[in-house]
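Common to both upcoming complexes is subunit A, partnered first by subunit B, then by subunit C.
Now for the complex of A and B:
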């Protein structure tokens, strides 16, 4: 069994920098983190200096993802030895208990953190994740709402709440959460696109027009968002096919839909360039667009 | 304009030692501050309030990206005459008198001790030890007004104001070595005096102002006058002026 450094021919500094990049950009490639991190910890611990503690934390969370309880336990022991009274380490211990499905013990641990420090957001969020893991989504929603009442600026929490509402099919409230996210991150095309999708799902003429606008905004922010392009096509054709619209609105929407369709075929043509199946895939796209035409019911 | 040739032993025994001393004292100050530092207890109410104010500010700035209805809903939540957040919520404010409030008093004393005291001591010692001669020349010309300030101990009327004494070299070092401290001690270190002085001047701007009620009132006023101009009014037309740029999507 060869080590990572032999397989990929990288030095330990490169491995450490890779871990830092994954950490800063919030990647969740847990298996890779476990492989690289385990080797760093076992072989090069002395050379890492004080970096090693944050690597322990990163590797421990990845190990919990991969069910490597042995590795998680050893990382936790090292961290406990170095930082005996730390809330951050206690939270990691709680996460390990969650991974073992010992939810009662985990809850007790988080409660003790909160008693000590009522403003600790990490512990409160872990408690909500426990509720979600147990499938108690209505309670999770209620707790998350209370949490957000106090910490209105926590964007991660707003996103989580929007996901919970979408699962419960409560699209109006999910739209509210996504609006919060759009407000704080006006240049993030993904939130615009998700908002457009929720509005499209809600249905009704006004929502469809809103959806079309937000899909267009997402495309404006990022020209390559294919989902938004398809969304634009669908919402525009839907509005055009609706019986209640005026002639001008219908004409406009037909124009939008036609433009979107042309962009889609252009994209597929570019994708198929140089490949032999090009003609077939382009034809397939045209047929797909035809079949997606909304007919008046 | 006098061209003076300074003894090179000035460079060896004055300029370099002053740099050295300033640097070492700065590093010591950093460690002493860390030893004397105690955790600031955060109040849940304060955190919550500051986040609410932030949200309201963001609503004012970025509200134009939201649909009109949503913006109106949020503005209503904040500013409604009866049930609006800024109208309804009044926080109990205990005025924090700096003289009697113990924690703030000790903080102030510690700050003074670690920063001002060494500066005075070392500045005075340098003035006493290295006085009576010119240390260095600043590269830009200065007016005569600067002479008494920068040429302590040198009573020469005809000397250019660009020639400065060792005390001014010391002060130059205090501010100049800031970036060196960042290199050695990492960001946000306690030896950074100019930042501390900046903090004292703009203090209330950073932390939660002691009177949340005033902050709420000013936020309410600001939100009242904001109008909703939807940024997405013509987005489709703007989008369709040209073909989409798919560069980079297909590799």
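Now for the complex of A and C:
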């Protein structure tokens, strides 16, 4: 089997830099990380200097994701040898136990970390992840809420909580979490768009108008967000079709919907250019826009 | 085939399986389609993978249902069911969201099926299809008798799925969510469909 460096004609430095990029952007492309990282470790360990330890950690986590316990174990051993009393390494050992579904043992490990250091957020979050993996959503939600009372700035935790609430169909609470996220990340178009989706799902005229506003905001931040564009189209269409709105509101929303429809058409025309296989999706969208126009007028 | 029987084609099964495999940490869902006429048995001939995020949020689901509806009328197919694979592999019971969408499909198709993928049975060498089917009976969704579910050429279907993985073609699968991330990607999966049909042996025209 040829190596990564042969297959892709890359040097070990390029492989090391790729790993760093994936680390910094928090990508979870575990199979790629395992392929590149394993080769780097096996063939070029001596050249990596102190980088090797963070690479062991990154590869170990990716290996757990790919059920490569052999690789995860050997990475863990190297880290244990180098950092014998480290909580960070202990947490990795716990993650391995989680991957093996030995949740009780993993919890014991995390509890021992927390006994030593009650402020260790990583261990607390792992315990919450275990609850999630076991399907104990209400407990995970409760623990996460308690965690956020202490660590109110933890974006990752707010987002995780919003996902949990969405799964439980508790849209009001999901909206609250997204509001926190939008406040601290006002330029993030994804949070605006997700908020729009939650409001749309809650339904009712007021929520639909709110949804429309947030889809519009998402588009202002990123005019290529297709979900926001479709969301704007659908929410404006529904508001315009509502018998409860004034003539002016109806007129405005018809305008917004028409604008969104033209943007959607344009985007699909551009996407469909030259690609035969996209003709199906382009046609489907065109017909859909047409049919929805009919029900609106 | 008689009333109450459901036939699942290789194409539909392969794409569902690929969809669930592509997003092992997410719940995924999709629609089951039939190109056969209504009445009698249900022949699931194809599927459209839909979402891998926020299955319970309305806008994108509504959008996808509308678009698939349009595409079906353009291609003489009907939506005859819904499938879902839960993120938590040990729990293959239908979620409220699954029941809701299945209910909507049942309004248009009175022998609609709800198919849950059983994550625990998705390992190489598993001898049983990792699926659990439900049908509408007495105003609720009841477990379907396994003997009324036909998966013709099961061994061949398994081998085709394995071939897709070893050739790397499983990465060709596009679901509606991925399409929205990049609208140049084709959620009708014409390319992947062609590859799968190539692998299906020509002697078995109806797989």
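Basically, the second predicted complex is superposed on the first by the 279 of 297 C-alpha atoms of A that agree within 3 Å, B and C clash if a C-alpha of one lies under 4 Å from a C-alpha of the other, contacts with A are read in each partner's own complex, and residues count from 1 in each chain.
Quick note on the criterion: contacts are C-beta pairs under 8 Å (C-beta built on N, C-alpha and C of every residue); 3 or more make two chains touch, one makes a residue touch a chain.
From a predicted model like this one, the values you see are computed outputs, not experimental measurements.
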{"item": "First (subunit B), second (subunit C), both or neither touched by A:7", "value": "neither"}
{"item": "Partner chain in contact with A:118 - subunit B first, subunit C second, else both or neither", "value": "first"}
{"item": "Partner chain in contact with A:271 - subunit B first, subunit C second, else both or neither", "value": "both"}
{"item": "First (subunit B), second (subunit C), both or neither touched by A:100", "value": "neither"}
{"item": "First, second, both or neither for A:182, with subunit B first and subunit C second", "value": "first"}
{"item": "Touched partner set for A:200, first subunit B, second subunit C, both or neither", "value": "second"}
{"item": "First, second, both or neither for A:213, with subunit B first and subunit C second", "value": "first"}
{"item": "Partner chain in contact with A:263 - subunit B first, subunit C second, else both or neither", "value": "first"}
{"item": "Touching both subunit C and subunit B, counted on subunit A across the two superposed complexes", "value": "226, 267, 271"}
{"item": "Subunit B residues touching subunit A - in the complex, by the definition given at the top", "value": "42-44, 47-48, 51-52, 54-55, 58-59, 62-63, 65-67, 70, 232, 235-236, 238-240, 243-246, 248-250"}
{"item": "Subunit A residues touching subunit C - in the complex, by the definition given at the top", "value": "133, 135, 166-167, 169, 194, 196-198, 200-201, 203, 211, 226-227, 230-231, 234-235, 267-268, 271, 275, 277-278, 280-281, 283-285, 287-288, 291-292"}
{"item": "Interfacial residue positions of subunit C with respect to subunit A in the complex", "value": "54, 56-60, 62-63, 66-68, 70-71, 74, 88, 90-91, 96-97, 179-181, 183-184, 186-188, 190-191"}
{"item": "Footprint of subunit B on subunit A - complex, ascending", "value": "118-119, 150-153, 176, 179, 182-184, 186, 210, 212-214, 216-217, 219-220, 223-224, 226, 229, 252, 256, 259, 263, 266-267, 270-271, 273"}
